[in-house]
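In the two complexes that follow, chain A is the common piece, with chain B as its partner first and chain C second.
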Partner chain A sequence: MSNTICQTIKKSTFFWQFNLRTRTLAAIAGAFVILTAIAAAGILIDPASYAPQFQQKNLAPSLTHPFGTDWMGRDMFIRTVKGLSTSLWIGLLAATVSSVIAVIMGVAAATMGRRTDSFILWLVDLIQGIPHLILLMLISFVLGKGMFGVWMGVALTHWPILARVIRAEVLAVRNSQYVLAARKLGSSRWKIAVKHIMPHVVPQYIVGLILLFPHAILHEASITFLGFGLLPREPAVGIILSESMRYLTAGMWWLTVLPGASLLMMVLLFDQIGENLRTLMNPSSAQE
Partner chain B sequence: MHLAAYIGRTLIRGVGLLVAVVLVTFVLVQASPIDPMEAYVTAENPVSQEQRDAIAAYWGLNDPPLERLEKWVSALAHGDMGTSMYYRQPVTEVIRVHFMNSLMLMAVAWILSGFFGFVLGVVAAAYQHTRVDKFIKVYCLLIASAPTFWIGLLILMVFAVWLGWFPLALGTPIGKEAAAVTLGDRLYHLVLPALTLSVTGISQIALHTRQKLIDVLNSDYAVFAAARGETKWQIVYHHGLRNILLPAVTLQFGSISELFGGSVLAETVFSYTGLGYVAVVAGTKLDLPLLLGIALCSGFFVFVGNLTANLLYPLIDPQIREGMTHE
Partner chain C sequence: MLLEAKNISYRYQNGPWILKDVTLSVGEGERVGLVGPSGYGKSTLSKILAGYIKPAAGEVLLDGKELPAEGYSPIQLIYQHPEKAINPLWRMKDILHEGWVPDQCTLNAMGIEQGWLERWPAELSGGEMQRFCIARVLGPQTRFLIADEMSTMLDVITQAQIWELMIRIVEERCMGLIVVTHNEALAQKVCTRIISLPELNKL
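Showing the complex of A and B:
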């Protein structure tokens, strides 16, 4: 009897949630599809399509060239998409590596005793004690310019914030009533870790990972813009923008405005996915 | 007494961090594959092998790394950071000259972004769910997601190229002797980079302040104050500001690290000869002493920011002050 009541209540709440939930899910899916399309396009694009064509230099945006062409007659739209795709892949790789470091550090700090904890916190302070960009410049420079240097630099500098979040989460859960109760009831450490701690940490991790992407992408673009990142022959948004600086006075606004705006769009899409996922996964805001 | 111990602990931690910063920077530069000799001797002015050896000996490039580090540290203890390879001047001198430019830029941007960010956050929270709030939120989200250097380029394009109100580049007028540069000239060249940094620095503090103030306005005591007949702005003034000021101050001091990174980008966009600009030059020329000096300087700068925030807590928040004396 009570079981059926329970079920009807459950059903009705689920139904009531349905619309908003679907809408949020649709937003996530939409953003995801666009990003996948950019990533795939970058691989599929034929380098010949953005090769210099000197008979059509310095064209303003038109239907055939949505973003115009530069002083070498390269189609800026295709170059931008290619650059976005490069940024996306670097961001993906760097953020993933960084988040794995963060999980290892965060969990180790929370579980392996006081000394490890204070050492890791000290490490976090150290990395945050040097301005990010200067550290990034140093690392990517030491590892040689180019893609490898950039993603290593981004991966090695972005874990502290997420590591702190995960450490705090694990610490809070570890000392919570139900974990203490489970321990008293004789559950094994492994079972407690999988059943009680993981469900709390995993959502935090996923959201943290997705919110790392925008940072990774923006830092990649900045470091490339300063000349420490990708090489000038590689199409990257940072390169495009640093080249466009020389043509600002010539009134070629499209070289600056449009590639930058598309980078902004991409970052916003990632933000959207992250924030929507956070809303969905957090039980206290899932019904809003 | 407790305050002294607290300050002492923070200082010791800070010094430890600075030492680690120096070590990390040194190891990184040592491991770099770029040969400083190749970076210095360009193809345009070829030099003989003997000259190369002489330069290498002059710079101490042949000494083992440990010895170089030792030399550098012992000189540092005497207040000497060595000589910049690129500028051919003492590092302290290079940093001093350019640091003043950067400091001016960052101070202006820091104060402006802190003030306007706070005000915008308060306004957004007070008018929650209205168009004003939405506008501020969207603005902050957009700015936070946009690359700083792109914002700088846009500002440069609009105000320097199209409108022609401000100079295109550099920290001082071209072709003017250093002695003849007036404060007005400097300020005139400072406007655009400072504007860039302020515009981009606002979003974080505004969003943070907004959230905190909304929490306060939804609290029981704020509702009770409304029931007593206080107006919205009275509630904000009496109950809100004191509660949200501390996190805002913390955040603003904590953002100094980011401000430094932002100023590197802004200075590069506007060719404003500050410390960030020099850092990029030092990095591309592999000027080891200069780069170490700048890393140390930036680390020190961030540390001072955090320390100031820590020391301000007891002044602003009576709870912390009480906690200290009863510890």
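Showing the complex of A and C:
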């Protein structure tokens, strides 16, 4: 009797794990497809499709215009997709540059001696101590706002967390008993770096990089919204939101709510991928 | 060949002194038991002898010369915890072949089964992993083996098997063996000479 129950439980946990793995992969794939579509759409969209058309101003959402139109008759859905795409590309660029800085800083801190280590840790504390947004506005402002200022700002402010993670991992592996043993077995420094340390650091790096995207995108949107980021002529969600705020009191809710919600959705998709990848790469769950 | 430790002193960072003026020597073909209560500093001394850590004072000499810093070391350590001494992301085969490629004879003698080579460390027991850790340090250039509580993880039958084999290999190749243990009975059985660390330590 209790034996059968035990077996059923075992069976169902097995299926649960199987489903978890499949679901995780499916979630990653789904999110990836949507994000790729947004990134591609932004490049492929013809600017004429969101040009002002004054005969169709201020329309509420409908089937022909799912996000409605604005005070100049521009289709808000296409503008939003275009804006998301801009944010996405800036986010990709900024997060990638930021993660490269993180790797260089993390590895340098772990391998180049006590002085370099304390200097990098001091820098990390400094950047983490100042609110991101203020530092971002400052860097963006100094670099002349616009596209370059924004992504440099985001790239220069977002590396510390990942750098800490990578430093800790490199230190732990470098001082592990198996690396000490590898030295005595005659493995070269190069072999130890590539074969022992890298396989531990790369998964951390990939998850860290993907979790950087949502930060980068949200920060780009917020400084653009505050007027320190992209210029008004560039199609970006931050610009759309700051322009549309005025029309909120006039009852045109779709101008802010729908683009804002879309931005949030996109950010959540990245979070999804990152968290799911973390689950997959976790050695204890990967064994199952 | 002669392995000598001369006036070794050691402490971790600013902790208390663990080893003070420890001097000992082990010749080739000798099997020396290093005994002492647990927490006394046996593992610390093993690491110093194997060149894993530098002593605060004193020196370790092999035939009167310092140990080489690079390349395959003639003094090899078998660590107490096999699961910490192997990279969890490597296959057992790669772990086994890191320093040299053991012949089938060694593998058979160690009781390493062919099927284990393709597995990951998480798929083996502590005792099975320890056999890999022993086999990988038996390369032709090994002159001294230091076994730090090597068999604590193994059941009694496997323990007996592995010690028998170790003694055979050490005798065949005329290696020196240092058996580090808190178990005096084991040391009595395996070794030709027994050193008590508390008697050497001038704390």
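To be clear about the criterion, the second predicted complex is superposed on the first by the 266 of 288 C-alpha atoms of A that agree within 3 Å, B and C clash if a C-alpha of one lies under 4 Å from a C-alpha of the other, contacts with A are read in each partner's own complex, and residues count from 1 in each chain.
The rule is simple: contacts are C-beta pairs under 8 Å (C-beta built on N, C-alpha and C of every residue); 3 or more make two chains touch, one makes a residue touch a chain.
Computed from a predicted model, the values in this text were never measured in an experiment.
Q: Would you sort A:Asn175 into first (chain B), second (chain C), both or neither based on which partner it touches?
A: Neither partner.
Q: If you stack the two complexes on chain A, which partner ends up touching A:Leu185: first (chain B), second (chain C), both, or neither?
A: second
Q: Now for A:Val267: first (chain B), second (chain C), both, or neither, which partner does it touch?
A: A:Val267: touches chain B, not chain C.
Q: Check whether A:Pro214 is in contact with chain B, with chain C, with both or with neither, and answer first, second, both or neither.
A: first
Q: Just to be sure I read the superposition right, which of the two partners does A:Gly129 touch: chain B = first, chain C = second, or both, or neither?
A: first
Q: Have a look at where A:His196 lands relative to chain B and chain C in the superposition and call it first, second, both or neither.
A: After superposing on A, A:His196 lies in contact with chain C but is clear of chain B.
Q: Mind working out whether A:Leu241 is in touch with chain B, chain C, both or neither, as first, second, both or neither?
A: first
Q: What does chain C use to touch chain A in their complex?
A: Those in contact with chain A are residues 50-52, 70-73, 75-77, 79, 81, 84-90, 98-100, 122, 136-137, 139.
Q: Under the touch definition given earlier, write down the residues of chain B that touch chain A in their complex.
A: Within the complex, chain B contacts chain A at residues 13, 16-18, 20-21, 24-25, 28-29, 31-34, 141-142, 145-150, 153-154, 156-157, 161, 168, 257-258, 260-261, 264-265, 268-269, 279-280, 283-284, 291, 294-295, 298-299, 302-303.
Q: So in the complex, which bits of chain A are touching chain B?
A: 122, 125-126, 128-134, 137-139, 141-142, 144, 214, 218, 221-222, 225-228, 241, 244-245, 248-249, 251, 253, 256-257, 260, 263-264, 267-268, 271
Q: So in the complex, which bits of chain A are touching chain C?
A: Chain A residues touching chain C: 176-182, 184-187, 195-196, 199-200, 283, 287.
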